[in-house]
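In what follows, subunit A forms one complex with subunit B and a second complex with subunit C.
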Partner chain A sequence: MKSKTGIMKVKDNFDIWDFVQKNSIWLIFVICIVFFSIMTPNFLRVRNITNIFLQSSFIGIMSIGMTYLMIDGNFDLSMGSIMALSAVLVIGFMDYGIPVAVLLSLLAGSAIGALNGLFVTKAGINAFIVTLGSMLGVRGLVYIYTGERALVSSELAFSEISAASVGPIPLPVLIFLIMLILGELVLRYTSHGRGCYAIGGNYEAAVNAGIKVDKHIIINFILAGFTAALAGILMASRMNAATPTLGMEDHMIVITAVVLGGTKLDGGFGNLIRTLGGVLVIGMIRNGMNLLNVHSYVNMLIMGLILISVVYMDQKFDPLEE
Partner chain B sequence: MGSSVKTESNLKDSSSKKINFAEIIKRHGILFVFLLMIIGISLRTDSFLTQNNMLLVLRQVSVKGIIACGMTYMLIGGEFDLSVGSLVSLTAVLVIDFHDILGPFAAIIIAILAGISVGAFNGFLVGFLKLNSLIVTFGMLFVIQALTLLYTGGQYVSVSNQGATWFSIIGRGFIFGIPIPVIIFGIILIIFGVVLSKTVYGRYLYSVGGNPIASKFSGIPKTYITFSTFIITGLTAAIGGIILGSRLMSAQNYLGQGYEFDIITAVVLGGTSLFGGSGSIPKTLIGVLILGFLSNGFIMMGFPYYVQWVVQWAILIGAVWMDVASKRGKILA
Partner chain C sequence: MKENECILEMRNITKTFPGVKALDKVNFEVKKGEVHALVGENGAGKSTLMKVLSGIHSPSEGEIIYQGKKVEFAGPLDAKAKGVVLIHQELSLVDEMTVAENIFLGDLPRNKFGFIDWKGLNKRSKELLERLECEFEPTELVGRLSIARQQMVEIARGLTQDVNIVVFDEPTASLTQEEEKVLFENINRLREQGTAIVYISHRLNEIFQISDRITVLRDGEMTGLLNTAETNECELTSLMIGRDLEDHLDFEKRGRDEIGKEVLKVEGLSKDGLFNDISFSIHEGEVLGLSGLVGAGRSELAETIFGVRKADSGKIFLEGDEIKVGDANKSVDLGIGFVPENRKEQGLILGRSVLDNLSLAKIRNLNRYGFIKGREEKLIYQDYQDKLDIKTPSSKQQVKNLSGGNQQKVIMAKWLCINPKLLILDEPTVGIDVGTKAEIHKLIRKLAAAGIAVLVISSEMPEVMGVSDRILTMYHGEITGEFYAEEATEEKLIKGITGIEAGACKVG
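Entry: the complex of A and B
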């Protein structure tokens, strides 16, 4: 019999080897830091560390939504496209004022997420097909809206959103960390969080236990759409422009980061703190490769190889097994 | 023993040969939508239903159609391959680049070997290591794309002296007025269709995808069947890449980008189930033709290419919804 949540298992009987296996992401984290600080002199400068956090925050915000989705056993390939949609919408509607534009693109992202969720739960279509469809369909909407051109905003106040910082912490990083902590609390201490683990751990049992499975899954798809939209807005603010090809590979990087953080592909196990580890490792690798002057093609190659090896580890290691 | 293994879907296929009109509408509703669409497009444009345009569409769909045959095997066996688009780019780049170095014949052999080896690697990961085919081939999509980029350095590659080689015949030639890519597509359709419906291998494939546990107890080597479907799909992607390369006499990194989406849509649209165990090559041909005519009609009506993505989204969801709804007997889950 599988235990319903991975978290409860740790509290039941503490096992040091089990603990190391579950937190192997932090081992990789340390190895990455050591490797890159030996290889490049500027890696451990405060400025570069801030930079890594800033670069990671966009992927990080999206990976919060993806972690929720993966814990309940689903996933979303359309996040990169939703990100592009919200970015072009926020720039396109800038004339109506920043709050309206931001609200509108958050709504649009959440609506696409809700649509994905409805197709998965109510129509009963495989999440892979649903989000593969919306990945291309939403990209088509983006192209139709922009007519293949990049949109540029003349509103300088908008670009200050992502340039602002609270103390030494840039605003996007602050938003990411606050959302991460809130998300982890919700995951641990609310019925929605427990519902997600239950659905991903054992779908049939969750249905039989009277958990409103569809509701939780739809909420998570909306959350994924929302976080993708938020990342898109921050990205647009950072460039003060939006291109229709934005985020073409981001869904892959997000999935890699989340699975690297130890969230099970089949669901039922994972948390946001380890996702943070995955996001930062990916951020360090991308940043370190840049400092090492490695070509961006190699970066893509490494991301693909990491994804494949992470799937291998995911398959070998089952934290829910007795 | 192999001949005694028959899956439910197999039986269903053979029983539906008796003509039952209500059953046909239920199972092939998408065909009627397709007919309505063709009528609609031909009313709006003059040149849609001409012989020239029909041949044009057939030539356009042949590359994706060839790969769709491999993908049909893949889906019947219950796995996915998302890396075919990247593989098309890689093999096209290889065949064009080696054409000037080693000559057309050797270049074709190299491209086919590359396709088979990438397929074998995917098949090793999924068949032998039992990894999730979706995520693994999704990762491979990026790995192969990066390798292609590294190989070309982001540059176009092209054949320098295009007049002096027979290589362009594969993509541009005609036999009795029929384009050669269409003839290759036809031959592959026949071979794949016959192997699937008449051989032990085909029956093994249906049972591995339809009921993995039963097929395991029947002693069917699932590992090798899965492995072989990846090699077959890799081979079809390489053939597609060679035809594309020959048609353009040049290649670039993003040539096959997004192919996997069109191909999976076409196969699923034809009625091959995503859950494995059912589907057929003629059905895939229908799916490929629907997508081909739709894309051609949209361009003829003057829509930009990306409008088709949105329509394809709706079609994909609609087709899969019909498939799952007819399986469970009601529209909503």
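Entry: the complex of A and C
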């Protein structure tokens, strides 16, 4: 039987505001390019563009893990600390050979992520508290391990990892972009991706659909730890050293990049392509301001202002508000 | 103003939301010095009516006459300023502040230096508390008071101005019996002072204790206006949930001897305070109706069987094998589907597409090397969209843009695509337009015909009687009766769900 009485409100037409809101990051992206290329002649040189990508790749790799976490409605403040830990571990264990040191660092980062995830899911403690705790705790471990000194590697082969390039593309950038594409495919086309969106979109409905919510959340915390560790290793390789204060505010910059990319803090919405936009905008601001000889503190001010205006716009045109 | 005069009249109130008529030509009036109960099941329109009164919703049709004049309040604050106070189930008090501070919150008296005039504040609060005969001090912290006393603080807050009408929205939901008594004394006192009281509840015994008149709502329509002294629980229940059978509900039922093999068996399932010693079974191809009023423990029982809640004791068997209690994703793997009462909060990922929602339960088993088999998913979608006639412009449409009935079909389809053995439907047609309702009823019978065991929980009598092969009645967490379709009558069922002994009940 066809329903005659149902008053249906179904819209499928193109909504310009919805589109602008979802893609506001690309608008900012274009504005940044126009602004900096007018202000500094060197900005659009191939060499500088490569440089922006290279500088962005460390934050970028971490933002992949963070995007996953934020889509399922969580976040991780300990990524900066994990990054530092893996950087000092990879230098510290260099004597056992590069593969062992790298593997160990990745393992340590993932393990801390797993612990974060277990505390959030099984003990039911708020992610803010859990990861704030591990942010402090892991940083403490880093200081204890290094005795507050910078560790320097004598292994030249290690520093070649981040200096290597495939064609014109530096290896860290290549790793970042490959992970980004893989990550986006996983989000779109796997049941893990669907699970993340479902959990962040409506936790209770996800549970009611038989989704193993704890498993998905723990996987994402591990991924966050893993990406932080990977970024730390590449950073250590780039400097061929590791300082205990490495990545002090990086978790905040990562969150900024992800939120700029339109991922919602309360979950259920976001993707990695737009996160790439957020990462590159931050990269351009850092790089462009540097070219303009503006002090780096001003960068922070500008990033803060952009973040708040983007989130304001985001709420103003929230597709879920009725 | 004279005694017995209507202080408030809501005339012919109609409120339509996209997809559903929430109120249909409802009349409601309150007199000075009367307690007027507003009763109905979930989704009957009680809250919507009060939202129309306070101005949160503006009515699609109809008018509100207050103190002889036509009014339209701008919102709860405006209503309060004009003497209409709404006391919600969830209190809006600040636990860490004193009683007096809470009473005058937002309008604290100040002295000439601009500081808070504590003396005046406490004195005025004391006067208000005395008027309500409350036995606690204005200087006490609100968080230390019992819920009943906190409610009195909320009432006192309303009394800072002249108040003509107090609306209590399910005030006893979180009260102990002792506290309930205190609340009723206070309501009586307000009544004696000439205040008009609107009392919203679905607990019948309270309504008989406290009210003078009763207005009954069902499905957005007003089904009765009664003097409390002249009615009884049976008549009231019948007005709340009964209705003439609709034509489309004339299905062929299975008799006593036609049942298939047992699918689900529940043995002695208990959860403290919710339900007690529940045992029953459902068979292949059978529709078992579970009838009971809100608060009887129906939904909690359903959630426990499905596994999102844990029971204190008891066993659940699926096709003879005991299943672990309290593990939803195991239940899904075993072929149990659950359509929860509250679609939007418990069933749907509103911001995701129809496709995503439809395949959500199946998705774990629709993988190759971790990747979703997209073509197969699309085929499943097309299959069920077609079978259930889900009206959506495309599979990518966000599910929040669909009408309530089509949203419910998406949830049903979500479970059908895992080929369930047992399907639990909690209030499957609440808030759904008549046409789609009929479709869902037909679908339920079709599923049973295909061999699925279906448990339908509903407070709508015609729905339960119309679709079920067998009906259980539930009251206060216990099963009170079992009837096969051919022997079930509205009268028998109402006895079961109101807990009244046989013989004591006559329905018109």
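Basically, the second predicted complex is superposed on the first by the 298 of 322 C-alpha atoms of A that agree within 3 Å, B and C clash if a C-alpha of one lies under 4 Å from a C-alpha of the other, contacts with A are read in each partner's own complex, and residues count from 1 in each chain.
As a working rule, a contact is a pair of C-beta atoms (placed from the backbone, for glycine too) under 8 Å apart; a residue touches a chain by one contact, two chains touch by 3 or more.
Note that the structure is predicted; figures quoted are calculated from it, not measured.
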Partner chain in contact with A:N208 - subunit B first, subunit C second, else both or neither: second
Which superposed partner A:L136 touches (first subunit B, second subunit C, both, neither): first
First, second, both or neither for A:K122, with subunit B first and subunit C second: first
Partner chain in contact with A:I175 - subunit B first, subunit C second, else both or neither: neither
Partner chain in contact with A:V258 - subunit B first, subunit C second, else both or neither: neither
Partner chain(s) touched by A:I82 [first = subunit B, second = subunit C, both, neither]: neither
Partner chain in contact with A:F269 - subunit B first, subunit C second, else both or neither: second
Contacts of A:C32 with subunit B and subunit C, given as first, second, both or neither: neither
Partner chain in contact with A:L234 - subunit B first, subunit C second, else both or neither: neither
Subunit A to subunit B touching residues, read off their complex: 119, 121-126, 128-130, 132-141, 143-144, 148, 249, 252, 255-256, 259, 265, 295, 297-301, 303-305, 307-308, 311-312, 314-315
Complex contacts: residues of subunit C adjacent to subunit A: 16, 18-20, 306, 308, 328-329, 331-333, 338, 340, 345-352, 356, 359-361, 363-364, 366-367, 370-372, 374, 389, 391-394, 397-398, 400-403, 405-406, 414, 433-436, 438-439, 442
Residues of subunit B that touch subunit A when the two form their complex: 80, 125, 129-132, 134-136, 138-143, 145-147, 149-150, 154, 258, 261, 264, 268, 274, 304, 306-310, 312-314, 316-317, 320-321, 324-325, 328, 331-333
Residues of subunit A that touch subunit C when the two form their complex: 1-12, 186, 189-192, 194-195, 197-198, 201-202, 204-212, 268-269, 319-320, 322
